[in-house]
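Both of the next two complexes hold chain A, though its partner changes from chain B to chain C.
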Partner chain A sequence: MTIASTTQLICFVVLAATLVLGSLGVVLLPNIVYSAFLLGGVFLSVAGLYLMLNASFVAAAQVLVYVGAVNVLILFAIMLVNKKENLEAIPGLALRRVLSGAVCAGLFALLIRVAFVTPWPLPGPEPVGEDATIRIGEHLFSDYLLPFELASVLLLIAMIGAIVLARRDVISSDIATGDPVDQGLIEKERTPLLLDRTPR
Partner chain B sequence: MVTIPALAQVAQVGLDLEGSFELAMRSLGLSPGAAHLLWLPLPMVLVLVAAVVGVLVNVWLERKISAAVQQRIGPEYAGALGVLQPLADGMKLLFKEDVIPARADGVLFTLGPVLVLVPVILSWLVVPFGQNLLISNVGIGIFLWIALSSIQPIGLLMSGYASNNKYSLLGGLRAAAQSISYEIPLALAVLAVVMMSNSLSTVDIVNQQSGAGILSWNIWRQPVGFVIFWICALAECERLPFDLPEAEEELVAGYQTEYSGMKFALFYLGSYINLVLSALLVSVLYLGGWGFPVPVEWLAGWLGQSVDAPLVQVITASVGIVMTVLKAYLLVFFAILLRWTVPRVRIDQLLDLGWKFLLPIALVNLLVTASLKLAFPMAFGG
Partner chain C sequence: MDSNISSTIPLEAYLALAAVLFCTGVWGLINSRNAVRVLMSIELMLNAVNINLMAFSNYLDGQLIRGQVFTIFVITVAAAEAAVGLAILLSLYRNRETVDMERFNLLRW
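Our next item is the complex of A and B:
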């Protein structure tokens, strides 16, 4: 066993262990802030696994998108609404836990079966290494163009939705007639926080 | 998988430090693998030491230049011209009591500063000081830096949250918001440069600028990108026009409020290493990296020397290192001057500047670069 393969094995074991334990922590820990930080750790170890598979561009993209954007936004959301309150007990919590645990175990068994039954072509194709960036670009702008564009449309929709939800200074009355505008679709109830923008 | 560090493999023919080191180790009776294993940490330790020494120089410069701007003398008694002052600062932080506030979250409180510092140091992986003078010429080069710098906000949020202090939490949230907002124009500015050099690798980006000395530097082709990048880099480093996360009048010291001793030193170190790193990357992306204003090959030609001769190689490498560091510290000087020239912006002005001004300008810059590249492939990298 050479030094390189030993290092690789150690890295794999460490990454896999952090991945499994971290994701268990994300699900099982009662403190939501810990869960969110652990999720960042899980994303990072997934990036490490990509790196070990010679996919450095995908690894960097994973860090940039999942750790740098998704996880930070999750943390933001948690910290902006972090109220220390004791949630009231849900009836039948134990039964719910057993049920969801059973569903997860079933899914896990299914995945294990897929992993063992599928005839994987081993060893896989040669990793392209540093050329991967160019390859990904070529694919994105040729045969994967439609999914790529659809994903950007999806992001645009999400952004517009977020703006509509977050926008508060909606005009409370019709400018032309002065009649109050029904904003039931945007606001749950009309609060005095709304700015009065009637022209004087 | 593990990329081979090839620092100081100065030339393919002349000098090969890695080769000769491994040869020497093997002559001592070690196996090739063990010799390679002994070589591996050397460039990393060297770069780590360089980064920390860079911080010491930086702190001293900051004190001296700030003093000069305000017509004071600055540190004077610790060593000649006060050069030992940063060391004294460091020792003070080292010997201070390491306090964890009673109601704080101990684990996250400790992990926060580490998460802020480690990505910054990791990013030194891709900073080139010469053709082969870097730890690893990874293909994704500059993208690695962008990805790594996006981990920092998590550390900031973590320390802000764990301190259990309203100023800390607000400071952490502000720092993370600022970091995210300015990362986007920064990445777009980098993308324009990458588009011109057809590569993400920092070495390729510098080589693409090495054609005609100072005339071929990217700053002439990307003036707008240069300004955007510099503004965003200052914002990412939380330097003064943008040091809102720790605005004293509003937030005491932001996310650093509860920190003292070595944990505070980690933040301090991180911010200064980040400043030097940003300056180095500006010089790599826009100021020709290790390039001399007149190409060294021309100089060697005029002097009738072969570029491949070992002595010329050593001189070229030294000139490269000196030029990189010189350009970086020139930019640091400008950053310090800016600190005492420009007032701090307000948080809404900061976000307006980032989202409503820099982002559209960066997009337009990218579009113009793309069309110029199609129109004049000779000048803008075909």
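Our next item is the complex of A and C:
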């Protein structure tokens, strides 16, 4: 066993442990702020795995997009909606958790079986290594040109949709009577359909 | 690029790791009561799929790295999904004053 392979094995074990423990923490921790920061750790360890898989460009994209954008977005959302609320108990919650845990364990067993039983055609062709970025650029501008352009349209649609969904509608006068109205009244009183109708 | 370096860790290790991450994400998606945590679970599942794509791209498709291109597209779609999902969440929170998934039941039979 050479030094290179030992180093690689150590890196893989550390990254895998961080990934598994971090994802369990994301799902199980009661404080959602800790979950969000652990999610950043999970994204970073996934980027480390990409580096081990000879993909430096995708690792950089992972850090920029996931850690830099998605995780920060999630943290901002937590800051905007983080109100202490006591969730009322639901009958059969423990049973539901156990049942869904059993379903997930079955799915996990299925995936593991597929991964270990399938005869993968190994070893495959030689990895391109440092030329990966060049290959990705060639792919994006030749045979994957249409999905690339569609992705830009999708991002534009998502941006406009997010702005439209998240902004507050500014209505300065009541549509029915013409009186100037209060924004708080619009959101609380004049949308009775969306308010909570469950008996308390 | 030395060929025996990348074969120290078997392909199945990456697939098993991605399976763990995916199942954790599915469990969190079903059982979370906070809507933000549901979105985080979806991100975990997308990352598991990305690990699979990257592992196959490196081990079985080393010359034409199509898995990496697919991963970039998945990252793009995940960014768009996160933005729209959190905007929907903010809109919901403004109307219902809660992030409890059990109380978003206006359209549930």
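Simple rule for what comes next: the second predicted complex is superposed on the first by the 167 of 200 C-alpha atoms of A that agree within 3 Å, B and C clash if a C-alpha of one lies under 4 Å from a C-alpha of the other, contacts with A are read in each partner's own complex, and residues count from 1 in each chain.
In the analysis below, contacts are C-beta pairs under 8 Å (C-beta built on N, C-alpha and C of every residue); 3 or more make two chains touch, one makes a residue touch a chain.
Fair warning: this is a prediction, and the values are worked out from it, not measured in the lab.
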Problem set entry | Partner chain in contact with A:I3 - chain B first, chain C second, else both or neither | first
Exercise. Touching A:A166, do we find chain B (first), chain C (second), both, or neither?
Worked result: second
Exercise. After lining up the shared chain so the two structures overlap, which partner does A:L80 touch, if you call chain B first and chain C second: first, second, both or neither?
Worked result: both
For this session: Considering only the touch criterion stated at the top, classify A:F57 as touching first (chain B), second (chain C), both, or neither.
Result: both
Exercise. Which holds for A:L146: it touches chain B only (first), chain C only (second), both, or neither?
Worked result: neither
For this session: Pick one for A:L95: touches chain B only (first), chain C only (second), both, or neither.
Result: neither
For this session: Could you say whether A:G129 touches chain B, chain C, both of them, or neither, answering first, second, both or neither?
Result: both
For this session: Determine, under the contact definition given at the top, whether A:L155 touches first (chain B), second (chain C), both, or neither.
Result: second
For this session: For A:F37, decide between first (touching chain B), second (touching chain C), both and neither.
Result: first
Problem set entry | Dominant toucher of chain A (residue count), chain B or chain C | C
Problem set entry | chain B and chain C contact sites that coincide on chain A, given as residue numbers | 4, 8, 52, 54, 57, 61, 69, 76, 80, 129-130
Problem set entry | Residue ranges of chain A touching chain B (in the complex, touch as defined) | 2-4, 7-8, 33, 37, 40, 44, 51-52, 54, 56-57, 60-61, 63-64, 67-69, 71-72, 75-76, 79-80, 129-131, 133
Problem set entry | chain C to chain A touching residues, read off their complex | 1-9, 11-17, 19-28, 30-37, 39-41, 43-44, 47, 50-51, 54-55, 57-66, 68-69, 71-73, 75-84, 86-91, 93-100, 102-103, 106
Seminar exercise, completed: chain B contacts chain A in the complex at 1-2, 33-34, 36-37, 108, 138-140, 143-144, 146-148, 150-151, 153-154, 157-158, 160-161, 169, 172-173, 176-177, 180, 183, 200
Problem set entry | chain C partner contacts - residues on chain A that touch it in the complex | 4-5, 8-9, 12, 16, 19-20, 23-24, 26-27, 32, 35-36, 39, 42-43, 46, 49-50, 52-55, 57-58, 61-62, 65-66, 69-70, 73-74, 76-78, 80-81, 83, 85, 87, 90, 96-97, 100-101, 103-105, 107-108, 111-112, 115-116, 120-130, 132, 135-136, 139-140, 144, 147, 151, 154-155, 157-159, 161-163, 165-166, 168, 187, 191, 194-196, 198
